[in-house]
Structures are given as structure tokens and as C-alpha cells.
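When the chains are written out, they are named A, B, C and D in that same order, and each has its own residue count from 1.
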């Protein structure tokens, strides 16, 4: 691309876009200004796209217009998916983003206006490799989340060695191309090998680890866009890519910390497979269970209730019923708060979005550090489809796979009630000693159905 | 300067320096990491300076070495000044910084390797104007703070119009030079006019407003360095200048907010002159005063004491004696905290530095918002040389010039004791109704002498 | 090494610092919208795709460019759309009473 | 408009954002050291002054360059020195008991 000529015309528009993008992230930080953030991002993107359409290099608009229309036609429905489908939507959009970055790099390789120098070859090679592996990796992740592909980690002996060998060949081909840029016939092989590596990277990872993988892929997608900015000398791409890349990276670090696991363990640990078997070995212990009627009675008598939602609430789509429960308890003067663990659910911020969708005011959603001190003064901790994030073994049992993961101190509440369908373990595949404690009541059933029944009982006793 | 050739050699060193400079500010943010911040800055600066010495453009090192030695010879004593002289040292260093930026711009104008284009002329003109006015302005500020120059605002009728006319002519000359870069003989006039404007800008401002002026000059010095970076195409200067510029700007905004005044009012208000006369008109009211012995008795009986230091403590250099008071009260089991108003003293962070110098642990220095809620449970609020920052009129009296300025709620303490030499007003030149309140005791005397006496009484009663 | 590389490196490093400082302060409440917003911003690669698609060098590059335009523009439209949808749902207790 | 201008503008804007985000988070406790530290960092103009002083074009520019080197290097040395002196004085109650 004739970069300098293009730059001169468009640079001020692109600078405006960059400033708006940064303000967009800045304003997103708090719920009060966050919608302004979206607006700033939209205006910035519109300025950049419109300015580009005036680029004198463009000689044919037909395919651009058609592609924009198709893009909008795909984007709008993808923007309207249900909240529970947001994880797979995100993975899919990483696939799209990485695909375009890779495609642009490939096109640039084949028809760069200047002859490709070694240095440029290195940039393009790296960019296309990262873009390609992110593309296939994100597709696999989306497939696992949508449950088209098997969720369990698919592992075989020596798999890490095979994967590394594949990555090594992709990089090796890139190096050969740098040393001798004339060997252009190697380029397609490099692309294919990188695509294969993306598949090998994500397939062995368990479905439940997908959120961390998505965030990592997010940062790869960002960095490939930034690299593309280096290749095309487009600073707006460099900035947007760096922002996206750091965002994905920070979110994955936050998740790993909240699970007390390392990147290596997530990527190569095949979590959720080996450990699952060990849970069965546990000796039988007694639990106390209760009916919706009893649960309603206990809740009615309480003055402070903390609701702990988890993945099960998302699966059962129980958020609207939970909202009704919140309303009917609040109406009776019960103080109801929500305790949101940072990795409750299957995505950072998952519970917040679902509860916001159901119109629960966000100032009642408390972060773990904020609410943990309140449990001793809490009458009832009502756990709805959460498991690992409430497991006291993380604090006490050094042999537990989740030892050291920060958890919610639900067992300190006067009474703890747990809605879930069975005694089955959660994502980490381990038993939860909470369920055998004296002040714990198990409420067996589907989250949505059980909460509906509690609400019914409450309104009956009220009427 | 042959910028591109130079860049290629030194760019990686400069990039390292930039990263270290950013980390330096990042680590400065908390007292635990702040010394690492200084180290990072030092390493970054050393890398940049050493790399520059390898620049192939350099053909003669003699003057560089002599100048570096002279610079170190000036810098070291300026780094060893007493803490009370820090404000004037800061002003002086802004003068030095702005002077070098202006001088480099001037040298660049006279011997730019490429012929000066209009665009470059515009950059150089603006850079030299800002650098020059910051130079003289900072010198005047330093003179006022060192009390070589009269502290009071020097004003005359129509002064703002004269100043603006001078600034206008400097800019006008710059524009003529842009339109016709061949009129090089105008350049020295532009420099002189800008130097004059710097004097006119600061002379009319009262000595007590110098801190805000220093911060503003700080941001000017930063922006002139950044502009110099544009002229020389040196990104390390652009980054360092932008960091310094935004720092000065933020500090001036913080100060203006804490005084509830606008920039315009600080720059053109000639504060501290008109208002000073109105204070005398106040009718006589009675105050209660006490001796060191009585004060010691009251402090001894207290269980919670909050010390409020102000400008008077700095003037009297009483911080070490205050430390002794803190020690002897703490030894008796009294809980002693310090309440630090954001604009107490004459510089942002002034009180913190003085008390840290005297070895008061910084976790006992509380910001206003943190401690204001504690005053109702405080037995004694001991005010040492502070006045305006404790004035309750700021909260109640709409006609007060400081109405709306956030102040410390000292009047809510059971007993309030005020150490000052007289009933004279403080910086804002207004009376303080606190002194006439029933639970206020005036302790007349020099801060250092009075605190020394209190400490003596305490140790006597102890022995 | 092209001279542009150095200036792009400065931009990358500085933007990385900006991103780091801003994003670590985003409330955990909003981590899901954050992901979709940065996705939408990243879709700005569409501007590069537009150039490729419209420069009309070879049929291959035009086709590749058009695919890239469609893919990234769908991200841009969908990303902003879903982010705004999510954020509209976040209401504080106070604003609801009004 | 020189092409470098645009890339410098990016750098300036991004560095301004970085500075803004970092500095507004500096504890008020440390505002005085902050001023002297940014002073010392700003003294990096010494690198430009060194070039002017050492290029030896005319006696005038060498003299101007040497003055600028001395002035800015004194800021650098003095600024870091006094900042570190001040910061050494800040001790928390806990660290003192050790």
C-alpha cells in the first residue's frame, strides 16, 4: 500500500479516531459513563471508515459496498444474540477479526506495492502466523462453547510435543522466507501450518477453560492487528491493536489469578479431566435437604440475605426468576445483596450481565472483597447454581486442586442454602465440603424451577 | 540536526529511556515503590545521555564535558537545599529547563541543517516563545519565593491589557516569520518580547499564589520540551515533555480546586491584596488564650489528638519539635494523627515532606477526606500555624472570598487549640471565626518556641 | 530497518501503557461489555481491508479484501451493538426510582 | 507538513494520556517529590543540547549548546538527587519498628 500518500490525507481523521477510542475505554470504566464510551467508540470508528472511503487509492467501490452490506448483515444478528450466548459470540468475533488481519497480511504479501524486504517479510510472516492460529483457535473455542464440538479436553500422549513441532515448522518457514524472500511458494504452507497449530492449541483444552482461552485469543487478535499496523504503517491499527491486546491480556491474568492457576496450567493442563475421577472416591456423608416451602419460610424470617449466583443460574436461565425473588424479599423489608465472585459463571463479568439483563440494580452486585466481611452478619446465604466459588476446601485443604483460589465465605452465614440439581461437582470436578456442614441446606432441583417455587410460596404466604 | 541518521543509531536506547521514564512515574505513585521510581528515571536518563555521547554527529567533546561538569557542579548543591527552600528551587529549575529549551530552539533556528520551512518556523517560533516566557516567569517566581523580590502583587491600571499586547506582539512577530522566513532579523526581537512577557505575567501575582504559578510554569516547561521534540523530531523529548506538561497541569488543577478558585482568578486576580484590607474592618470580639502549661495539661488528658500543620509550621521550621510532641504524646498512649489539607503550606505536598523529614511515619499523615469524619470523636485538634485551611467561614459565609473551599472540620473537635503569633490573617487575608468560638483556645507565640515549651512541660510532668 | 518501524514502536508501547492503565481500572461489573467493546474497536482493521478491496490490483486481492471487509465490519457493527445492549441493561437502584 | 509531525503528534497524545492517568493517581503525600522528579525527567533536553554543543558548527551555537547542557544537566542531577533525598525521608510506622 502506498502508505505515505494515504497517511497525509487521512491522518487527522485517524488521530481523532485514536483519541475517541482511548476515551471510549476510559469512559467504559464505570457504569455511569460507560454508554458514552460506546458512543465515543462508534464516532471514532465512523470517522475512520468514512475518511478511508475518500482515500484516493480506491478505484472501485463495488466490492467494498457489497462487503460492507454483507458485514452489517452478519454483524447485526450477531449483536442480538441472547446474553447466555455471549461467550461463543465473542469467540466467533475473535475468529472474524483474526481472519481479516491474516487475510490482509496475505494480500499485502502478494501485492505489496514496494518489493518485500527481509524486515517486512519478518513482520508479515509473524502477523499472518498469529492471525491464522487465532482464527482457527477461536473457531474451535466457539464450537466448544456452543457445544457443537465436544467440551472435554481431547488429549493424547505426546500432544504437547506435536503441537510445539507444528508451531516450530510455521516459524521455521517464516524464517526461511525472511532469509530468502524469493521463495514465495513457501508462504501458503506457512499459512496452513499456522492454521493447523491453532486447532492443536485449543482442542486439548477443556470447554470450561474456554473463557481464559478466549481472553488469550482476544489478546492475540489485538496483537495481530497491531502487527498489521506495523506492516501497513497505520498507527490507528497499532493503537487499536495494542488496546485490544492489553485488554485481553489483563482479563486473562485476572481470571488466572482468581482461579489461582498459571497460564501454563490453563494451556497445557487439560484441566477438568483427570481430577474429575478422583471426586467419586469420596465416602458417603449425610446432607440435609429442604423443600421450596421450607426455604421460603427461612428467607422470609431473615433480615439480611446474600444471593450467590453461579454457572448453574446461567445454564438454567434463572436470572429473571431470581429478580422476582429479590423483589419479593425486598418488598418484605429483607436486605438482599448479590455476591459476585470474579470467575463465577464462564466469562469475566458473566453474572453481572445476566443480572443486569434481569434489571437487578447494579449497586446491589457486590464484588468478593467487598462482601466477604459481611457473611458473619448474614442470616441466609442463598447459593444458586454456584459450586467451586463457594468451596471452603480452597481455604483449608492443601491437597485440593483449587487450594489457594480466593472463595466466598458463605459458610460463615447463619444458614447456607444451595440450589443445584444433584451432588455432582462443578467445573473443577471436586467435592464441596460445604454441603456436609451443619448449617447447610441443599435445595435440589433446577435453578429456575426451584426459584419459581420459592417465589410462589412467598407470594402465597403474603396473600 | 540530521535527525534520521541520528535516530537510527540511538532509537533503541531512547525507547528504553522512554519506558523507564513511564515506569518511573508509575512507581512514584505510592511511597512503597517510589524510590524504585527514582532509580528507573535515573537509569533511563543515563542510558539516553550515554547513547547520545556516541552520536556520530559529535565532533568535539571539550565543551560538552566542561558543560556537564559545570551542570553537575550547579545541580548537586541545588539538590541539597533545605526542605523549606524546595519551592524556590523548583521554580529555579523550571527556569533552567525552559532556558535550555529556548536556547536549543534558537540555535536550531540559526543553524538548522535543512533550510527552515514555514511549518518548522511555526514550530520553532512557538517553542522559543513558550520557553522564553517560562524562563523569565520562573525566575520572577523564584525571586518572590526567596523574598528577593517583593511578595505582594504589583499591579497598575490597565496591566492586563499591556501584558496581552506584549504577548500579542511576540506571536505577531512569529507569524510574520512564518509568512516570510527570510526576515530572520525579527527573530531576536521575538525572543526579547517573549522574555518581557514572562516578567509581566508573573510580577502582578502575589507571592502566596506562586505555588499554582510554579505548577503552571512546570507544565509550560514540559510543553516547550515536547515542542522542541517536534522541532528536532526527537520522540524521547516529546514523551518526557508530555509527561512533565501533564504533571504540572494536573497539579495546578488540583490546587485550584482545593482553593475553589479558577485559573483566571489566580493569574489575573492579584489575590492577597484587595482582600487584605477588608479584614481590618472586623469588630472586636473576645478570644480565650492559654499558656504552654495549660496546653500541655489538656493534651495529656486527651485520648485522641489531631495535629493540623500549616504554613506557619514551615516558616517557623517547627517540624522537628512537632515530632517530639508527637513522640511524647504517643508514649503516653495518646492516639495522635496529622490532618493534611491539600493546600496547607505553600506547595502541594509541602506538609508531608516537612513531617517526613522530621521522621513522622507517613501512615499517620491523613488526607482531608479521610480524617474529616474523625473530628467529632477527637478530644483536641491542635492547629500549628495553619489558618485558612481551618476557616469554617468557607462552609457557612457566602460572602467570604474562600467560600466553597473545602476545609478541615476542626471546630467539631471537643477542644481546638491554635498556635500562631497574633490575630493576623493568613494567606487569604481574611478573619477566621474559629478563633472566637467557645471551645477554641489561642496559643500565641512562634510555632517552634511554643511547641518546644509544651514538650518541656510534658516531660516535666512525666519526670 | 524502516524508519517508520521506530515510530510505530513508540506508538505501540505508549498505547500499551494507556490500555494497561485504563483497562485494569474497568469495574469487574463491566468485564463482559469490555470484551465486546475492545472487539469492536479492534475491528478498525476494516480500514486496511477497504483499501485492499478497492485498490483493484488483482481479482485475488479484491476478493480477499472484500472478505476481510465483511468479516471485520460485521465485528464492528455487532460489537458496538451488543456492547450498547448490555450497557443499557445496567441500571443503578437510584436511577430506577426516578 | 512533514510526515514526522504526524507520528510525533501520535506520540504526544498518547504520552499525554499516559501522564494524565499515572499522575492523577500519585498519592498527595508525594506531590512535592513528583514535581522534582518530573523536573529531572524533563531535563532530558540535555540530549539535544549535547548534539548542538558537540556538532561544532559555529562558535555561537557551541556556546549556546554548552550553556544549555550545563543548565539542563544541573536540573537532571539536582532533580533526581533531591527527589531521592525527599523519598528517603518517607517512612511508614511499620518499617520503622523493624
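Quick notes on this structure:
The working rule: a contact is a pair of C-beta atoms (placed from the backbone, for glycine too) under 8 Å apart; a residue touches a chain by one contact, two chains touch by 3 or more.
On a predicted model such as this, the values are computed, not experimentally measured, just so you know.
The chains that touch chain B as well as chain C are D. The greater number of contacting C-beta pairs, out of the two interfaces A-D and B-D, is seen for B-D.
Centroid to centroid, with C-alpha atoms defining each point, chain C and chain D lie 34 Å apart.
Our note on geometry: chain A versus chain B, Cα centroid distance of 46 Å, whole angstroms. Spacing of chain A relative to chain D, judged by their CA centroids, is 41 angstrom. For this pair, chain B with chain D, the centres built from the Cα atoms lie 16 Å apart.
Among the residues of chain C, those touching two or more other chains are numbered 1, 4, 7-8, 10-11, 14-15, 17-18, 22.
In chain A, the residues touching two or more other chains are 22, 235, 239. Against chain D, in their complex, chain C makes its touches with residues 4, 7-8, 10-11, 14-15, 17-18, 21-22. Against chain C, in their complex, chain A makes its touches with residues 1, 3, 6, 17, 21-22, 24-26, 28-32, 34-35, 37-38, 41-42, 44-45, 48-49, 52-53, 55, 57-61, 63-64, 66-68, 70-81, 83, 86, 89-90, 93-94, 96-97, 99-101, 103-104, 106-108, 110-111, 117, 119-120, 214-215, 218, 221-222, 225-226, 228-230, 232-248, 250-251, 254, 340, 342, 347-350, 352-353, 356-357, 359, 361-365, 367.
For chain D in complex with chain A, the touching residues are 1, 3, 6-7, 9-10, 13-14, 17.
Residue ranges of chain D in contact with chain B, taken from their complex: 1-2, 4-5, 7-8, 11-12, 15-16, 18-20, 22-58, 60-94, 96. Of all residues in chain A, only 4, 7-8, 11, 15, 18-19, 22, 235, 239 touch chain D in the complex they form.
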